[in-house]
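Each of the next two complexes has chain A plus one other chain: chain B in the first, chain C in the second.
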Partner chain A sequence: MIDYIRWVYQWFKGEILAIPGRVIAVVFFTFLLLLPLITTSPSTLRFLIMACIFAIFAASWDLLAVTGQVSLGHALFFGSAGYTAALINIHFGLPAWITIPLGGLSAVVVGLLAGIPALRLRGFYLSLVTLAYPVILTGIIFVFPDFFGGEMGLIGISRLSGSRVGDYYTVVLIMAFSGFIMWKLSDAGSKVLRTGVVFHAIREDEIAARNSGINTVRYKLMAYAFSGFFGGVAGGLYIHFIRIAGPSSLEVFFSVQALLWAVFGGMGTIYGAIVGVFILFPLTEYLRIYEWGEALRFVIVSLVLIFILLFMPEGISVWVLDKIEIRCRRCKVVNIATRRNCRTCRAPLRLEREK
Partner chain B sequence: MYLEVNGITVLYDRAMVLNDVSFHVDKGELVSLVGPNGAGKSTLLRALAGLIRWEKDTLKGTTLGKITLEGSVLFGGEEMMRLPSHDIAKRGLILCPERGRPFREMTVLENLEAGAYLVKDKGVVKETIDRVYGLFPVLDKRRGQVSGTLSGGERTMLSIARALMSQARFLLIDEPSVGLAPLVKEDLFSRINQVHGMGITILLSEQDIGFAFDLATRNYVMSRGKVIAEGRADDLLADELIRKTYLGL
Partner chain C sequence: MLERILVNGLVTSGTYAVLAVGFSLIFGVAKIFNMAHTALYMITAFLIFVGTNQLGFPYALSAVVSVGATIGFGLICYALLFDRVKVHQTAVMIISLAVAMLGQEILLLTLSGHYRGIAPFVTGSIDILGVAVLYQHLFTVLGCLATLFGLWALLTKTNLGKAIRAVAQDSETANLMGINVSRVCLITMGISAGLAAVAAVVAAPLEPLHPGMWMLPLTMILAAVVLGGLGSIKGSVFGAIILGFAETIVVTAVPGGSFLRGAVSLAAMVLVLIARPEGLFGVVFEEERL
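Showing the complex of A and B:
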């Protein structure tokens, strides 16, 4: 038992405490978990629940971007899963913990269908095609107003859980868990999963990836499936939280927002997308308090975005990590930037210039 | 001295590419830089053309942007390190990049016209095009062809021709002979000699020692970011240590 505790402590010290980025992630997550002890004000919780849902959504967009496919219609997954979950919930009376995964699975199917054009199109052309997807879905919804609720949307959806605090914990835990899974899926340094390396290789050079024996068709569809699933989970959580499934979640602007959040935080990193949402979404909502903010908030947020990206072109999280972390040149272990020698191999982290 | 380079140092993050490099080229000379892969030859030429500075500016704020650039480059008595690369080209110091790098979707003629961007007088442009075609008859034959379809040797010639179009006074040629067949190499050899004969000063980097030493009037040997020897071909080849360690002959 003592040995076990010691092992856990050693693991925590080596894998979390020694790496500044992970310390920040753990502190932030702990803060989210402890927050209801400080305040249970419904507006604060509501606002953080939304942020968590959008964080899953932005991260799922980023998972697709890791393979070099910039989607401008990511709301497709969000919306289709939302409608699926809502319909199942209303017609069959199934609870949220069944409808949300089912919604995610429906988004996987939609994702695989949406992924077919991606096998032939690249870059801008692909982005343009993805722009059309949510528009098509909106069209379908308006064709069958009785079934899909038309402009008003579907109402009468059951709650996520019994209370606001319950909703909050559900969403925070799902956000942390799915964020971790998506990060692992896209992490090129992972020792367990190979998908990260493969996704990065496809983004860098698809021809070289094929020549290395990677079935790029399979992995691209896989990226669509995973991205669709997590985007769908976000959509399912959203409709169960606001308890209405309407066409507003399929708007072009909503898709573009996923892109803005992820690019602002750091594209292709997953955690960057989450950071982006937790900075930009509160800012947008905070400005609403003021009378002038309601009209001007997107102008202000856009200006912030432009100025930050001017100084930190790779996104805010990449920029910050670059300042606080330093990677050992010999053993590739990440160290805190204040160290002079690598914590595992003792190699000097900075070289004095020879004169 | 026409070109005077003093203590150029380039670091990519923590990797030192050029370490306090100093040398000079006089007017009308044809000087070669030789050395193994990774010696810093291409980086040196890129630094002279102002491209390292440009790279540093455009990548500012990214993880790749931690570039250190120090030293001074005097060209015709004027400091080049503070100038942006297009102004350096305006002074007549033109880089022919490795493998030519033509504008691939443009025809040969369009490439040459793009090279003449700095020349305002249309008569001069036309005259220079004729002169360049006289120097490289192959390009005349290919004038309407999209330059992405040219062979390696033709691309190198096109890049030299493009540099001549902008009234170059000093050519920096990066590895002209890379990837060329022996016969094409010989042809290119005489073309570069002809260009030199037109009164243009040339600094070329090269891995083919024979090619460089036959062509150049003076040579610099580079290794691991430093200039380690200087001299005429015979002197360098006479030095046992340099011949064995750096030239591999």
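Showing the complex of A and C:
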């Protein structure tokens, strides 16, 4: 027992405490989990729930972007899963914990259907074709207003859980869990999963990846399926939370917002997308409190976007991690930037001459 | 019905063509994915509105001043923002999108979100083969044609045009041949902004003006540019004509078609791209084909 605790402590010290980025992540999630002890005001919880849902959505966009496929129509997954979950919930009366995974699976199907034609396309051609999908789906929804509820959307969807705090914990835990899975899937250094390094290889050079014997088609479709599933889970959570499934979740601007959040936070890193949402979304929402903020908030948000990306074009989280972490040149272990020697191999971290 | 489709289709596709060509030009030369391109169009339209309706200047004067102001704005954006982060293409995309949002919000704050209109530049109509065509429509179509012809002449007949095409083809080699690449990029940005402004001059009196008017044209010109093949000016014009007519036919001929105007054109684009992934006039190098 003591040995076991010591092992956990050693693991925690070596894998979490020694790496500043992970310390920040752990502190952040602990804060989210403990927050209802401090305040249970419905408005704060409501806006954190929305932030968590959008974080899943932006991270799922990022998972696709890891393979180099910049999608401009990610709302397709969010919206189609939302409509599926809503229709199942209304017509069959199934509870949220069944409809949300079913919505996610429907988004997987949609993702594969969308991904197969997109396999022939690359770069901006791909982005534009993905932009078209949600617009086409919106057209279909308006053509059958009786079934899809038309412009007003579908109403009468059941609640996520009994209370606001219950909703909050559900969403936070799903966010933490799916964020972790997506990060593992895209982590090029993972020793368990091959997907991360393959995804990065496809982004860097697809032809070289093919020549190395990687079935790029399978991995690209896999990226679509995973991205679709998590985007769909976000969509299902969203409609069960706001309890209306409308065409606004398929808007072009909503798709673009995923890209905006993820690129602001740091593209291709997953945690960057979550950071981006948790900086930009509260900024937009908190400005609404003030009278001047209500009118000026998008001006301020666009100025923030312009200035941050001008000085940190790779995203805010990449920039910050670059300042606080340093990777050992010899053994590739991540160290805190204040150290002089690597914590495992003792090699000097910086190559200045000793005075 | 048929003559309505023909006239409106020509007007829509002409405007889209001028916009798409400007977008395609700056993308081909400087590799900048300028999401603020239609925002420049919107800004010009609103400047003309302020000039004619609020300050009472004649249309021609306010048009010239607004075109100049828009080109200046485009150049400032390029020099201060896009040029600095050019290597990070998605960052450029987001920054230009933020510029467009900024333009929209500033217009919303200063002029509020009502729908507004500009009085037609020329009134009256003419009979062409038994069809009454408004002078304004004629002015728009002829203006677009003249602009496209002028651009074609600039690109093929002058030294500047040769330099622009050289940079678009291979900027490193162009640099080695003694072309000042950064200056050519700056000039191209000016031309691109100017094209967006000219599109507004000829088409603004036909459109209701509001601060969200940049979104639909942006989607459509992106689709047109990709449909024709990225970096091909000829392709952008043809893409714009195809999408402009597709949109007009759906809006006028199909009941409830205005809901579907974006959907049908974009579905057409998807079908073309699945059949021909490099677009109608795009070029793919052999080693890049997958």
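The criterion applied here is as follows: the second predicted complex is superposed on the first by the 350 of 355 C-alpha atoms of A that agree within 3 Å, B and C clash if a C-alpha of one lies under 4 Å from a C-alpha of the other, contacts with A are read in each partner's own complex, and residues count from 1 in each chain.
Rule of thumb we're sticking to: a residue touches a chain if its C-beta (ideal position, glycine included) is under 8 Å from a C-beta of that chain, and two chains touch if they have at least 3 such contacts.
Small disclaimer: the values here were computed from a predicted structure and weren't measured.
S.K.: Between chain B (first) and chain C (second), which does A:M267 come into contact with in this model arrangement: first, second, both, or neither?
M.R.: So A:M267 only meets chain C here.
S.K.: After lining up the shared chain so the two structures overlap, which partner does A:L113 touch, if you call chain B first and chain C second: first, second, both or neither?
M.R.: After superposing on A, A:L113 lies clear of both chain B and chain C.
S.K.: Once the shared chain is lined up, is A:V129 touching chain B (first), chain C (second), both, or neither of them?
M.R.: Only chain C is touched by A:V129; chain B is not.
S.K.: Can A:W319 be said to touch chain B (first), chain C (second), both, or neither?
M.R.: It touches chain B, and chain C stays clear.
S.K.: In the superposed model, does chain B or chain C contact more residues of chain A?
M.R.: More residues of chain A are touched by C.
S.K.: For A:I155, select first, second, both or neither according to whether it touches chain B, chain C, the two together, or no partner.
M.R.: Neither chain B nor chain C is touched by A:I155.
S.K.: Per the contact definition in the header, classify A:R350: touching chain B only (first), chain C only (second), both, or neither.
M.R.: First partner only, chain B.
S.K.: I'd like to know which partner A:R329 touches here: chain B for first, chain C for second, both or neither.
M.R.: A:R329: touches chain B, not chain C.
S.K.: Under the contact definition given at the top, report the residues of chain A touching chain B in one complex and chain C in the other.
M.R.: 310, 313-314
S.K.: For chain A, which residues count as touching chain B in their complex?
M.R.: Result: residues 310-314, 318-319, 322, 329, 350-351, 353-355 of chain A touch chain B.
S.K.: In the complex formed with chain C, which residues of chain A make contact?
M.R.: Residues 70, 117, 120-122, 124-125, 128-129, 131-133, 135-136, 138-140, 142-143, 206-207, 210, 252-253, 256, 259-260, 263-264, 267, 295-296, 298-299, 301-303, 305-306, 309-310, 313-314.
S.K.: Under the definition above, what is the set of chain C residues touching chain A in their complex?
M.R.: Residue list for chain C touching chain A: 33, 81, 84-85, 87-88, 90-91, 93-95, 97-99, 101-102, 104-106, 109, 215, 219, 222-223, 226, 230, 256, 259-260, 262-264, 266-267, 269-270, 273-274, 277-279, 287-288, 290.
S.K.: Could you list, by residue number, the parts of chain B that touch chain A in their complex?
M.R.: It is residues 9, 11, 14, 16, 19-20, 61-63 of chain B that touch chain A.
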